Amino acid sequence: MSELRVGVVGVGIMGADHAERVARQTSGARLVAVSDPDTARAEALAARLSGTAGASGAAGFGGAPGNGPVRVINDPLELIAAADVDAVILASPGFAHAEQLFACLEHGKPVLCEKPLTMDAASALQVVEAEHKVGRQLIQVGFMRRFDPEYAELKQLLDSGELGRTLLLHNVHRNQSAPPGFRSEMIVRDSMVHEVDIARWLLDAEITQITVQAPKPSSLVDDGVRDPQLAVFQLANGTMADVEVFVNFQVGYEVRCEAVAERGSATIGLGSGVFTRADGQWGGAMPADFRVRFARAYDIEVQRWVDATVRGEIDGPTAWDGYAAAAVCEAGIESLTSGRPVDVTLADKDEVLG
Amino acid sequence: MSELRVGVVGVGIMGADHAERVARQTSGARLVAVSDPDTARAEALAARLSGTAGASGAAGFGGAPGNGPVRVINDPLELIAAADVDAVILASPGFAHAEQLFACLEHGKPVLCEKPLTMDAASALQVVEAEHKVGRQLIQVGFMRRFDPEYAELKQLLDSGELGRTLLLHNVHRNQSAPPGFRSEMIVRDSMVHEVDIARWLLDAEITQITVQAPKPSSLVDDGVRDPQLAVFQLANGTMADVEVFVNFQVGYEVRCEAVAERGSATIGLGSGVFTRADGQWGGAMPADFRVRFARAYDIEVQRWVDATVRGEIDGPTAWDGYAAAAVCEAGIESLTSGRPVDVTLADKDEVLG
Amino acid sequence: MSELRVGVVGVGIMGADHAERVARQTSGARLVAVSDPDTARAEALAARLSGTAGASGAAGFGGAPGNGPVRVINDPLELIAAADVDAVILASPGFAHAEQLFACLEHGKPVLCEKPLTMDAASALQVVEAEHKVGRQLIQVGFMRRFDPEYAELKQLLDSGELGRTLLLHNVHRNQSAPPGFRSEMIVRDSMVHEVDIARWLLDAEITQITVQAPKPSSLVDDGVRDPQLAVFQLANGTMADVEVFVNFQVGYEVRCEAVAERGSATIGLGSGVFTRADGQWGGAMPADFRVRFARAYDIEVQRWVDATVRGEIDGPTAWDGYAAAAVCEAGIESLTSGRPVDVTLADKDEVLG
Amino acid sequence: MSELRVGVVGVGIMGADHAERVARQTSGARLVAVSDPDTARAEALAARLSGTAGASGAAGFGGAPGNGPVRVINDPLELIAAADVDAVILASPGFAHAEQLFACLEHGKPVLCEKPLTMDAASALQVVEAEHKVGRQLIQVGFMRRFDPEYAELKQLLDSGELGRTLLLHNVHRNQSAPPGFRSEMIVRDSMVHEVDIARWLLDAEITQITVQAPKPSSLVDDGVRDPQLAVFQLANGTMADVEVFVNFQVGYEVRCEAVAERGSATIGLGSGVFTRADGQWGGAMPADFRVRFARAYDIEVQRWVDATVRGEIDGPTAWDGYAAAAVCEAGIESLTSGRPVDVTLADKDEVLG
């Protein structure tokens, strides 16, 4: 057996995303089962992601080539226990996590658990202890920002010591608007929790003190909700961090983090990689070559070529495009010698391909 | 059979990249064979990418989980003909393309051919005609910029008509330094060819005239090489484009494209998505939500979780990280009420996990 | 006599701007006379800029403190000849320049002449020759971009040789919209002429060849007008430059210039000083200290303080603002020691100032 | 008497800057006297800024054309009392301010007082009360940021209500390095005081609470100095502000301010005017026309033309530059018609001007 067989518990927005990610984009893994209290939603997703096609076959459009069948298991604990489920992604509501995590530990199933781990510190500590008793780490928490290329590059820069010791972080975390019923505590627990993890990870220490204050709320926020909020963290190694969380910012989604170090600062979230202020300059790094700059383009090109080829199609530049480019380049080389305009005459496309 | 079985011809820098991409990152495809005149290089790559692991197995580090074995076939034509090769990636030198493309057409094998299609317009046209005779499109050319998210977004913006009709393009294409022996004509044929394709694609017309001029070359360039070069294209629909190609720019790799339209302009390659000047404003779009902003983070998170899980490891935030975050959030909610600092006390990590 | 007495010929938009600049913002100069075919316009301007006030006087609002009286002289040649006019600013239409310049030369009056010098090369050469016969340079042409801090910094950077020899320039010159009747040739003569001067100045050589092409025009342009235009210059020292001029860009006014040199490039007109790509980095320079960053703020502060003081007013932060700042800082120092919030209590403002 | 006669008390770095500003760049004002405990320094400055030249005269290089003589008055109180001093700029050390301000009030002299008003809240309040008794506002405090074009534009944007009500401010205030002996309290009193004023001004309310905390200091800071510092302000109208002050940032000088409002945010200090996030977009405004974009260029052009003309020189583009531009434009218009390169032939410069 050559691939990791994954089951997904909870197929709301995040869970469905993860299921599709496993089925369509993740190499070395296969989606085998999904579970959700809303059975119809689970059935529809399973149908959409079940794939049966091969290169010579006739894949249904919209299927996931090469994934194989996906079945629905109503009971999440049954999914976790299933013999053909090697590993689990938990995207169920936070209050359901504790029980499902204990089940994963019991069956020795590796689990990727969306945050929060559980709803409070006491139960979370119980999970830590239970995993410790199993004697093997099985639980990963879904603080996905650590995998964001910009955050990862920032971490690498800070750890390199190039800017000296890191002193403090400024964070901004804004959503266009919060779902109805999103209360003041949820802003801390569901939104600010990301910066809690980022501060611990980037500054490499535990948080020892937190202050959360809030200005008079925006008039666009439900009565009684304190939004935005401004938090200040103290960490065990003497560093600090502040965070603005504003879940009804109206404009769009924005996450920024500026690390201030002894010899400069570095900011991510501006949409331009790691933006530094160091050595009397502001700016960023130029990519060294095209493979860095166009890495995603190559990934997408090959993935789409594979998918189209399985369907018996072309989904990209054709042979004609290659021919037209060759003809222009020939004329260009002639013009380079003369310094004068050179006309390009292509074969008649309709005649050639008609 | 559920996956596309791919063979790669030519495993220099680009070919090896593509082979690894298929083996490790592309869903629905498997690398089955590689071919290269340098047999040792091919053998080493095949060994590195052959994967045999499953979730419960003990994958060798550096293998490609779930890929299966990769074999070396010395003769590229034999690889193309092999029964277990469903599709081919051609990353051999340009002069070898014509023969190999004809072989792919003969065996009905879909092929992703790195640019150039062939070395001149006449032979490229023969390839187009030969494919046409097969009666089915099998050839895709490796103009991968069309798959770059920024170029794709630019194309979409221009096609939307939001900025009015597109009038002209300004392009900049710079490399840190060219390999030894990179001559003036190669700047046109191997570098500028990308802008040739981009201009045809974005402006949606064939190029009818080209002028290439060059200033006195940089003193850092080999004698007789005209670098940088400045080209101007006229297109059949009355649009124009200019391109600076500078393959010895020293600083790094840089590709920019600004499209000028009737009601504004849009630039990509600044590292910040599509940068527009329209409606009296300069700037870009805010992402609507976290799934857009962190799409790659989620992809990487899940891929790395799958890979680590197959190895029996955790490669991300642990249960302790989940617990620590929960404890800080509890204190934060308390501080939000009081507006005063609240200390955070965690369980003793050594004691819990010792 | 301690100040340069200036007369302005032509008080349309540019001339009125210049007249006001001399009367209100230029140290060491005084506006004494204006001339315009539209006498009413000249009279209104003269009245507005005539200043008589002193510190203890009661300056009329809107006057120019310290400027003294401004008179209208209908005949421009009479203004140029006037004994109390030390120097002339010519902001009349281009076709009137030749005669007025010859008058300035005849009377030995220094003149700042808005571009164009004259309407064609032949008459411009006659002006050059006439000035040469006078034996002293009296004419300055209004290519004001050379005085723009960004262009000046770019020139300094290129001349420093830090980026190696300059190879080529890319220029963009866009207006929101052109005035009615602005024809294709005027785009060259009145707009592109700025880049002609900038290319000669930055690249330090004469232009030896020019190519101007144009795509199919924007549909928002009058019939028969070729807008935008794309020009390529060759210079005597082997450098090159290109220019897009687009006088109906709709979005706003935009002037950019990127200089490409052997070891990097530098761009101005992005609104962030000189933006460089060099040494593997993109970015700009941090200001060394507050006097650089806030130079204009200090200039404006002092000019506005002088103007308000002459009027017997305060136009800036008051003593109360100084007091309130002192009180907050005292509390801040206390908080720094304790790490806890400190309340700030000010005296009752109404009671103190009531 | 047509100009404000200004005396400057204290001619260290800031005072000398202000003295030069008044003598050379400020219209409607004249520097008449300076005072400093370091008499030699005062004498040198007075000599440098005394100007006697007129257009037909022979100005000493480095003098201030049109300023007139500047004398040294050793006793600052004597300068303040002098009959020919209409108004005073105080740039003496903070501890000397109280006595000098009382003298200004006594003699009814308008005064621009560098911050701090005085050294503590109690004495500052006494100054406020004394001015109130005079019955006329005479004192302006040197919070010059209010005059910075970026801050002024930010204030205008926030006051317009376009972004909804302002909720909070994030401020960053960094110096390359502090002078020796710059202690923790001075970071609050001399640096953070600017943000104290900015928060009061932009948010239009008094500060009611302040918290100042500090991470473990940078190792590049003197022992015992707490640098950087992080402050949080609460204001009377329910808004908040935070400030990082870091006076040993190494990199350069940096002042940023981001205002977060109900419908978007606006940042200044990025070197690109007011940068907004609003309506789903990030970015800034395009200038409407060249007079906005090149306002400073015109100011500098005219000031330098005046200064050079007084010296009998040209300090800008010459008639030859005007001629060369005309010749290129003629050729450009010809090329526009033909779409082909047109050579430009200038008259022989040596022959014409030789």
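Read from first to last, the chains carry the letters A, B, C and D; within each, the first residue is number 1.
The working rule: contacts are C-beta pairs under 8 Å (C-beta built on N, C-alpha and C of every residue); 3 or more make two chains touch, one makes a residue touch a chain.
Remember, predicted model here, so these are calculated numbers, not experimental data.
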Expressed in steps between touching chains, what is the minimal separation of chain A and chain C?
1
Farthest from chain A in C-alpha centre terms, which chain would that be?
C
Between chain B and chain D, what is the gap in Å from one C-alpha centre to the other?
49
Quick one: report the Å distance separating chain C from chain D, using the average Cα coordinate of each chain.
19
Could you tell me the distance, in whole angstrom, between the mean C-alpha positions of chain A and chain D?
45
Expected list for chain D, residues touching two or more other chains, is 211, 213-214, 232, 234, 251-252, 254, 271, 277, 280-282, 284-286, 288, 339-341
Chain B partner, complex, touching residues on chain C are 164-165, 167-168, 170, 172, 211, 213-220, 228, 230, 232, 234, 237-240, 242, 244, 246, 249-252, 254, 260, 262-265, 271, 277-282, 339-341
Once bound in the complex, which stretches of chain D touch chain B?
277, 280-286, 288
